[in-house]
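Should a chain be cited, it is by its letter among A, B, C and D, assigned in written order, with residues numbered from 1 in that chain.
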Amino acid sequence: MRVGVLTGGGDCPGLNAVIRAIVRKGVQEYGYAFTGFRDGWRGPLEDDTVRLDIPAVRGILPRGGTILGSSRTNPLTARDGVRRVEDTLARHGVDALITIGGEDTLGAAARLCGEYGIPCVGVPKTIDNDLSATDYTFGFDTAVGIATEAIDRLHTTAESHMRVLVVEVMGRHAGWIALHSGLAGGANVILIPEQRFDVDQVCSWVTSRFRASYAPIVVVAEGAVPKDGDMVLKDRTLDSFGHVRLSGVGEWLAAEIEKRTGKEARTTVLGHVQRGGTPSAFDRWLATRFGLHAIDAVRDGDFGAMVALRGTDIVRVPMSEATARLKTVDPALYAEVGVFFG
Amino acid sequence: MRVGVLTGGGDCPGLNAVIRAIVRKGVQEYGYAFTGFRDGWRGPLEDDTVRLDIPAVRGILPRGGTILGSSRTNPLTARDGVRRVEDTLARHGVDALITIGGEDTLGAAARLCGEYGIPCVGVPKTIDNDLSATDYTFGFDTAVGIATEAIDRLHTTAESHMRVLVVEVMGRHAGWIALHSGLAGGANVILIPEQRFDVDQVCSWVTSRFRASYAPIVVVAEGAVPKDGDMVLKDRTLDSFGHVRLSGVGEWLAAEIEKRTGKEARTTVLGHVQRGGTPSAFDRWLATRFGLHAIDAVRDGDFGAMVALRGTDIVRVPMSEATARLKTVDPALYAEVGVFFG
Amino acid sequence: MRVGVLTGGGDCPGLNAVIRAIVRKGVQEYGYAFTGFRDGWRGPLEDDTVRLDIPAVRGILPRGGTILGSSRTNPLTARDGVRRVEDTLARHGVDALITIGGEDTLGAAARLCGEYGIPCVGVPKTIDNDLSATDYTFGFDTAVGIATEAIDRLHTTAESHMRVLVVEVMGRHAGWIALHSGLAGGANVILIPEQRFDVDQVCSWVTSRFRASYAPIVVVAEGAVPKDGDMVLKDRTLDSFGHVRLSGVGEWLAAEIEKRTGKEARTTVLGHVQRGGTPSAFDRWLATRFGLHAIDAVRDGDFGAMVALRGTDIVRVPMSEATARLKTVDPALYAEVGVFFG
Amino acid sequence: MRVGVLTGGGDCPGLNAVIRAIVRKGVQEYGYAFTGFRDGWRGPLEDDTVRLDIPAVRGILPRGGTILGSSRTNPLTARDGVRRVEDTLARHGVDALITIGGEDTLGAAARLCGEYGIPCVGVPKTIDNDLSATDYTFGFDTAVGIATEAIDRLHTTAESHMRVLVVEVMGRHAGWIALHSGLAGGANVILIPEQRFDVDQVCSWVTSRFRASYAPIVVVAEGAVPKDGDMVLKDRTLDSFGHVRLSGVGEWLAAEIEKRTGKEARTTVLGHVQRGGTPSAFDRWLATRFGLHAIDAVRDGDFGAMVALRGTDIVRVPMSEATARLKTVDPALYAEVGVFFG
């Protein structure tokens, strides 16, 4: 039995922990051999492989990134993509393929498995925590921890100088990182993509905070959008993957606050710092268990399945369902934390 | 409406986050007043109170410990305890009492509520994560993070000098901290109280690890016990709370490994470092939500209830059930991570 | 004997450690009383004071910011400034004034002392480490540590995605933070204000790094400037203190690199995160010793003196000399680390 | 020109940074080739080498430990040691040897160079910071940072439970780590090997601290010794290197404090955690500069020299002088920080 492994999409602390767990259990308990594919779906498309055995996974548990590399290549939009993937798998005698990735990577795996019979098992990965079939995805806890530590640090500066500090965190379509880090960091305002914000309301919270002799910290998800008419985005460009790049909400908001309240406001954009470096203990635990259960799904021939966290259990769900819709922040939960605004 | 709050048992990162959330929501949304009781049940017993309002909870979110102090005083074993608690509550006009604590503190609250009609709501707290009614308790994630970081650091020393390093972590009756930090830290052996260990088996794992040219790290819970005949504990004393203090398993084990394998072995005992300092973002999130839901339970008059985490939801469970039995590590889960031993 | 204390300029981890050391030694060893002035020179100008005794400095050692607040108010440019300062000091019976601050704050102290006989002792503070009379200033080590940790995290993302990552760090006039954190973080290019950079040279280093199959990280000080003709700054605004605000070199450079090399480039702007939060152990040590020696200078009547670090000794230098010129990065030192570029 | 490199003695964060700097500059600027010797002097004695070139040093800057391994083997006490070292160097065509190590390793290098003409250059390494010729050694700042963070964490526990917490840190013969981390961590008592301590004095400080309603933290160097008659050491064993192992002072002291003051006392022994893991930014900077200057000393043929830090400069000193006597804590400096005791 030979198992292929690939990692697709943006990188995420914990990818290496998944790979290590798959290989350790696959080799030691089931006697499987492995083939690593390089840079997500580009690997099987272009027959680009990497040795994947016990020595290859030594020492990678605490390391961020992915030893397999990653890309956003989509086999379904590539010319002759499906056939080329099938040929590569056949050439290497790969009997099953574990795909670790987000909506796009797993969406492709679900179709390759369902429509073309390629035996895939999925492991969910999204640093934004916006996949609906699982309680959490690995990488999210690490990102929240980094953002929270940054917010902690900003408190002292905010208060020593009585300035407004705006922190822009990741989250294009879902506000999980903003919500968790904003709450954990004691932010006074948290703005998420799920709910358009009113700049005047933000300014009123900012002002009331100053009246209590504390300086406000505003956490804003990169995908948060003000109510119609409030904002003309400075930069609305396409990134290299063809997605709209909504940069600038943090700087824009700081400028608006300064203008409307007369208080100095500064911005910190954490950017890629949030997704790099060593995974938190929580993420290593989750990623490792995902890996152990993914190789079990392969052993069981449970193709089309994706591993997922439910409470403290790892379960299997159909990949197709998991990628059907985004998990966004429930308005009730957002309202719950609203008690800390202002 | 006036609400009392107390924290009992060993300290735990996140206690202040619970207190802050209770007070912020209680004052701002429900208009409640608060009375803080000092040092757990000692406060109501001896009428020792502390002011608890919005200014009192400013800035405490990231701070470890508890602004209310803590103790292991039990009102049910104190002379005239129940009456004295009732008198104190009456004297201050306290209409409901939120008790934040572990098995002992909540056990007392459950009986005071069930048998004497004192209106209590519980918030679970145990750094060992061994309460059965909740997926996780706050403080646990912080402790696992600290232990994991220590294990990460030990890897380089272990390998530069080809020594065995034994790390003793918290966990008297349950091995959760050892299991999570050992897995996250890439330990080669993890020993937990739930399953007696065989020193020869440990030595065999240690030896096989050296053969692969890596130095082994052994994580052992303070409450782990070898099979009969293997160990004579150096220190088996009573601590100030009348519990048996099983110190020394780490040092004992290192000495045994050195004797039986001929390899140098050293011990690190993390001790109280694991339960101090700022809570992790995960623990601040969980503790804050526990606090928000506890004050809601008070508003609903849901006395006898304890808040608990189930998946990503906060639910209410009867305090009496929650404290009925210890949540220990499932043998199946321990077996699952056994693939990394040796 | 009554001693006044004030902190001026931008905040800096370690300010509280200085204040605590001054008060602890002043009270315990010399029996002095203290008056805290709020918000730098604004305090004596407007007679805004704060109680400063042993209880006031409890627990502040690990905290960022300053319990005295800070501002950039200059007594020499304020109307009747000198007289108002003298009046306030006389009104409170202040016999000596310890001023903790940077070039501006100490420059004012030097003149008030030299020209008007106000008995001042100085403690140097600049997070940029650009004061010439001392080997290091506190806060710098903390800032370098934070920037280095961020760079460490970026490596995994850079390599997983083969992107150029540009990190903009503090340093308007001196490149110390860029130099130290860039070297410690293993950056491939470090750009400092002291030496105009050539974008084509940067692009050539970036390209050569990719050829070695590694993704480049470029650390740029906020005050770094390209050679004439290379750059049109996007934002060249005045900040609230009337200084030119050279924001945008990081984003500008990333765009240029993308344009000229065809490689994706992203920017992280660390901003105020670098100057907030708990001071490093090094900075607590240095700040504490500065405080202990400043109060000794007061006891010795050594007014006009500033404490400074020379090797491992704390010495005294004339404040006027200390603030005479900026300590910039020596070209020889910059050349020394150039071996790691590309 | 071929240069050999070896690392001897206990491991220390920053060793890899030195090796990387030597190789990067040696190859890129001077065109040298390198031979790595494994496990300190054992390498040349037993002709055990490892490839050392640019690819070998990629990515090692942030990693603790040493890629060359280490040992305490002494070529001067090994049978035929000098001849075997000479033979190995000749066999590989090694023209110069950079030895990175402490008193023992450099002492051997000094004699091999001075008495036998083997061309050695030294780089000082001692985590205890007790080498007299240099202001600081790398690794020390990292150890102090780890110990300080642990002490920070203990404060909350100490205060929530009103317990005495004893922290045993490294330092057999010199109290630098205890002094710096104790001061930075706000300890109430710091005990160092240089000055015998009086347990009754310690207990009196502990008691006075409790009277101020704060719980005391006592930092004790592993080599600290009470006044005659005060202590019977529990464990006074020989370690594998033939040195007396003074373990147990922390636990012994906690027991004494408990006995004499009636207050609960607990111990944390940080152990090897202090010397593992990623080096601090300060240590990476220092270690890198040591490496750059060591290879310059080789180029200059300045054999017998050791690089050292003086202020912010790297200078060269004779190895023989550097290893002549231990740098211990100056009584005046210890007295200076005594203001914080009690």
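Note that a contact is a pair of C-beta atoms (placed from the backbone, for glycine too) under 8 Å apart; a residue touches a chain by one contact, two chains touch by 3 or more.
Note that the structure is a prediction, hence the values are computed from the model and not measured.
Looking at which positions face the partner, subunit A and subunit B present mostly the same ones, since more than half of the interface numbers are shared. When chain centres are defined as mean Cα coordinates, D lies farthest from subunit A. In whole angstrom, the spacing between the mean C-alpha positions of subunit A and subunit D is 41.
Rounded to whole angstrom units, the spacing between the C-alpha centres of subunit A and subunit B is 30. The geometric centre of subunit B is 35 Å away from that of subunit D, both derived from CA atoms. Residue positions of subunit B with contacts to 2 or more other chains are 152. A complete list of chain pairs in contact reads A-B, A-C, B-D, C-D.
Touching subunit D in their complex are the following residues of subunit B: 10-11, 13, 63-66, 69-70, 146, 149-150, 152-157, 159-161, 165, 240, 264, 266-273, 275-277. The residues of subunit C lying in touch with subunit D in their complex are 24-25, 28-29, 58, 61-62, 135-136, 141, 144-145, 147-148, 152, 180-181, 183-186, 214, 278, 280-282, 284-285, 288-289, 292, 310-312, 336-337, 339-340.
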